[in-house]
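Two complexes, one shared chain (chain A), two partners (chain B, chain C).
Coming up: the complex of A and B.
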């Protein structure tokens, strides 16, 4: 074992990754937070302290947009938690059933939407839900529910929920796969022991499997949280940067994009954009901390 | 064995639920694909019918070929994805090797530092990234995208690969050292081939988000000659909203490459996820 010499090879192995990562990810992250403390006055960059944040939270024009975007974002997240993750868990529970035929086929097919880009997903659903084309209304008609049809993406009260459900449709494959993996790792003896005690079928799922996969559900929740709070692409692809109708689908990602890049007559403002990015960073950080310190450490892990 | 857990009625119910969900998952893709081969009239009259001799038409694809530069977009996406994956794997494996193989001061700290990026999305830093790319003249070049995706992919790559590298036997590496191999040779000749399955997993995980990303192409490389397929189809569809044939064909052309990649790599991807690589 070599000890005293400087081991240059360690530096050589680490350098490229650390350099790229620091220069393109960590440094811009902090630089963005720094930029949020500046403003452009007379073509010059001036330090203004927390004034941008004051504008963001205090100025009614800004704060209204911000709280709207944040509220929408929470609704977006809530729908993912209430619809995507339970469906994912249910599909995984069925798929992990021993000796189920065609399991691999179902699994691959259900995962297909996850690999498609937001652009494809956004437009495909826009076309399908479009009242002009009429696929959705005629399908509802076939089951006698035509009266339920509305141009969902065009109505303020439905648009956000519709987009969230489209996003659920797209990403249900991820919780499904992760839970599936967790379920497969439960040893057969544990289930057999339960069977001897008369715990089978559904109650085996609720009483034995579910407690054992709780850590995976925790991971899925935090992944969903982080993913949702920097979402942008689907809303932009389906509704554009204005997140219509009447900003009803605006979330933090689209709000930041509009502020930072400008749209129509409003000029882009990188400093306000940075302030919004700072707020997003804080929200994600709080979420991750709650998960790491509040949930993950308290969750009981079973030694299998 | 397991008599209690198999009951024909249950099995039927399970297949029913899975078939129903599979239909929900595939239906939109199917509708887009079949209608891209139909005439405008047929698209509207019978959206759910398969194209037949009467309704078959390639007019949409012709418009797409004439108006949009989809081969260029495809090529750009290909270059960006392959180059980013190459750098993520090379740099990630090197760093993972350093972290898992050697004991040195600050090892744990370096590991934590590199892991930070797993949870914090790189998009938060977009404003400063754009400024930096403008300052270095990389804006509207594929290099800007490659750098960003490399940085974005590294944290998870280092994390997964170092887990796997810890499992490579020490005896093998020490045997190499006794034979006088340099640390670099040990890494490239002995360790890398052994972690190839893990590298494939990392590659597949990174491939889809890079290929599908809209945010960074839109902000860092929106010029015509650097558009990726995702951005290119977004812009094209935005311009041809009323030309349904063209929109459906453009969508189908964007679906096809990903679908082909998926068919090739799906076993790798699913094995990667289910082997617990992301625990």
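Coming up: the complex of A and C.
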């Protein structure tokens, strides 16, 4: 009997990706988790077990900030789910309409903000909404609605929602593109068969297309979840590390940054920062697991 | 990477050369002031080298935001320069405690500085000083002289006059009374609370009592400035809640606002932008004739790398930095960064001269939150930003703010418990 050959080529071809991924993703991740179990006492790094987590959740000064950031993060996510994804689906449905003219133009125009840097988006929207130089007040004035204008980014009650909507504006192109691709992959025969049975127009969308794109919507939801709970850039670019006004826009990312790297007179504390990063990792892991085992496995798939 | 290798190689040959001749010593200065590179290269270094043949100086700044991190890694790796520009308070104290900065107490030239000037670069008990103070910034108000003349307003000296002046400007309507926003938060604390506050807590007296635990942030002298700030809200421009620091600077330099709560570092920037005449007045006192207190905040110093190969040359340079000659060059090249040496320096810029003149009339102090009190969590300085914003917006009462800050401070600072 012939001895099975060791298939070296598999290892060789996998090696570059595995090595790079390990070096830049897996190692830092576990090292961060390891770091969260230490603390610095008298210039020495000391192993303290779960004490950092105990401080984070037990000490009112820390836990208050943590729960505030987590709550804000959920609100940020909720706005994306309620605004970004439905709009993305609606745009994709309109774009995939065969009689729409200039579809390619709209598609690109809506997708372009996605490729812009957060810094540019944050800066541009700050200027647009600026009560002093911004065009938002004068545009509202032109239609006689000046009284509706408020310095949204500076008010505790509006700032987070405003930033979430800016982020929606930036990223609405991603669900649109994914859904658009899913819609295009639905075979004409299925729709024609539906037409013969009298299902046309809107009901064709609700009864045939929507069930067929549900897996894509699931993927988008999980991407939104992970993206939102890792978010940091836009808030930092628009509001700074203190996530003003009065921490009303503080999310886990900015809270982690402020703790890890320090801010102004506050010296950085990499160990507490790692503890927060560990908590973020756990939250995202739980969210993804709920999706994978709770939702995705139960989702019905249709063979097309 | 290649370039840094190349310059390393160059530095290597330079080292060989210096040891061979044992004459020319090269000192490298680490700094975050990359804005000042030309000033160092064209004025300060030539002046020093002319007097001290045999010592060459190289100014090598990094970006301000990266400075602390870059410096720390260079110090740990042993590749940091001989001289180190010092941030005030805890950042430099941490370097000293880690053994990176040398003790400078035996340097005669340290006698040229007052205790307040040295306080930013001393151990908590004042037993060791580790950086030579270079410059401070002074807080006050810069105003548009043309606007004041047009509206017939006198420069206010008391708080009543201050708010009367703001009322006049507001009624007239052609100028925004005061240019400040709360979006970036720090202006409210730095140019608001710590600008007007020293008049209430009597400068050093209150600041040191707070550190010793003899006064509390709930005491009237610490709460009252919040009550005054609460009145500011009505005089700031429309939508000040979302107004950023550059917005405020632009509003003032474009001549749209009459008063700008300022730090003296604005002077050189403003000089280049305004087409009206600027004046300055110090934080108004409560009653005419009260002693005035100003925030004369120590901002930048320079120390010696404890592991430098040329300690003597480095000390020669530091002594020169402590001399009146350096003070005069530095103070005039950077109006608004005021030299800290006890010998008075003749400044040419009229606005800078006006502001530095307050030192003779008022008692100097530094920002109340900077020494020791911002060492723990929650961070008092950062909390003061939030509290000052809340005071201006009126979202919390001054008493609530004082209580909240006191609770935060007491949670980790033993003398306040």
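Quick notes on this one:
Methods note: the second predicted complex is superposed on the first by the 291 of 304 C-alpha atoms of A that agree within 3 Å, B and C clash if a C-alpha of one lies under 4 Å from a C-alpha of the other, contacts with A are read in each partner's own complex, and residues count from 1 in each chain.
Keep in mind that, in the parts below, contacts are C-beta pairs under 8 Å (C-beta built on N, C-alpha and C of every residue); 3 or more make two chains touch, one makes a residue touch a chain.
Because the structure is predicted, anything quoted here is derived from the model rather than measured.
In the superposition on chain A, A:237 makes contact with chain B only, not with chain C.
Residue contacts after overlaying the shared chain place A:100 against chain B, while chain C stays out of touching range.
Looking at the shared chain after the overlay, A:27 reaches chain B, while chain C stays out of its contact range. By the touch criterion defined above, A:281 lies against chain B but remains apart from chain C after alignment on the C-alpha atoms of chain A.
Residue contacts after overlaying the shared chain place A:246 against chain C, while chain B stays out of touching range. Annotation for chain A, partner touching more residues between chain B and chain C: B. Of the two partner chains, chain B is the only one touched by A:108; chain C is not. When the two structures are aligned on the shared chain, A:61 is found in touch with chain C, with no touch to chain B. In the superposition on chain A, A:120 makes contact with chain B only, while chain C stays out of contact range.
By the document's definition of touching, of the two partners only chain B reaches A:260; chain C does not.
Shared interface residues of chain A (contacting chain B in one complex, chain C in the other): 133. Within the complex formed with chain C, the residues of chain A that make contact are 43, 61-62, 126, 129-133, 137, 149-156, 239-240, 242, 244-247, 263-267, 269. Only residues 89-91, 94, 97-98, 181-186, 237-244, 247, 251, 369-370, 374, 377-379, 381-382, 385-386, 389-390, 393, 395, 408, 411 of chain C touch chain A when the two sit together in their complex. Residues of chain B touching chain A in their complex: 2, 4-6, 10-11, 14-15, 17-19, 21-22, 24-26, 28-29, 31-32, 43-44, 47-48, 87, 90-92, 94-95, 97-99, 102, 104, 110, 114, 116-117, 119-132, 147-148, 150-152, 154-155, 158, 182-184, 187, 208, 211-215, 218-219, 230, 233-234, 237, 244, 247-248, 251, 254-255, 258-259, 261-262, 266, 269-270, 273-276, 278-279. The part of chain A that touches chain B in the complex is made up of residues 7, 9-10, 12-14, 16-18, 20-21, 23-29, 31-32, 35, 87, 90-91, 94-95, 97-102, 104, 106-121, 123-125, 127-128, 133-135, 138, 169, 172, 177-178, 180-181, 184-185, 195, 200-201, 216, 219, 222, 226, 230, 232-233, 236-237, 253, 256-257, 260-261, 270, 273-274, 277, 280-281, 284-285, 288.
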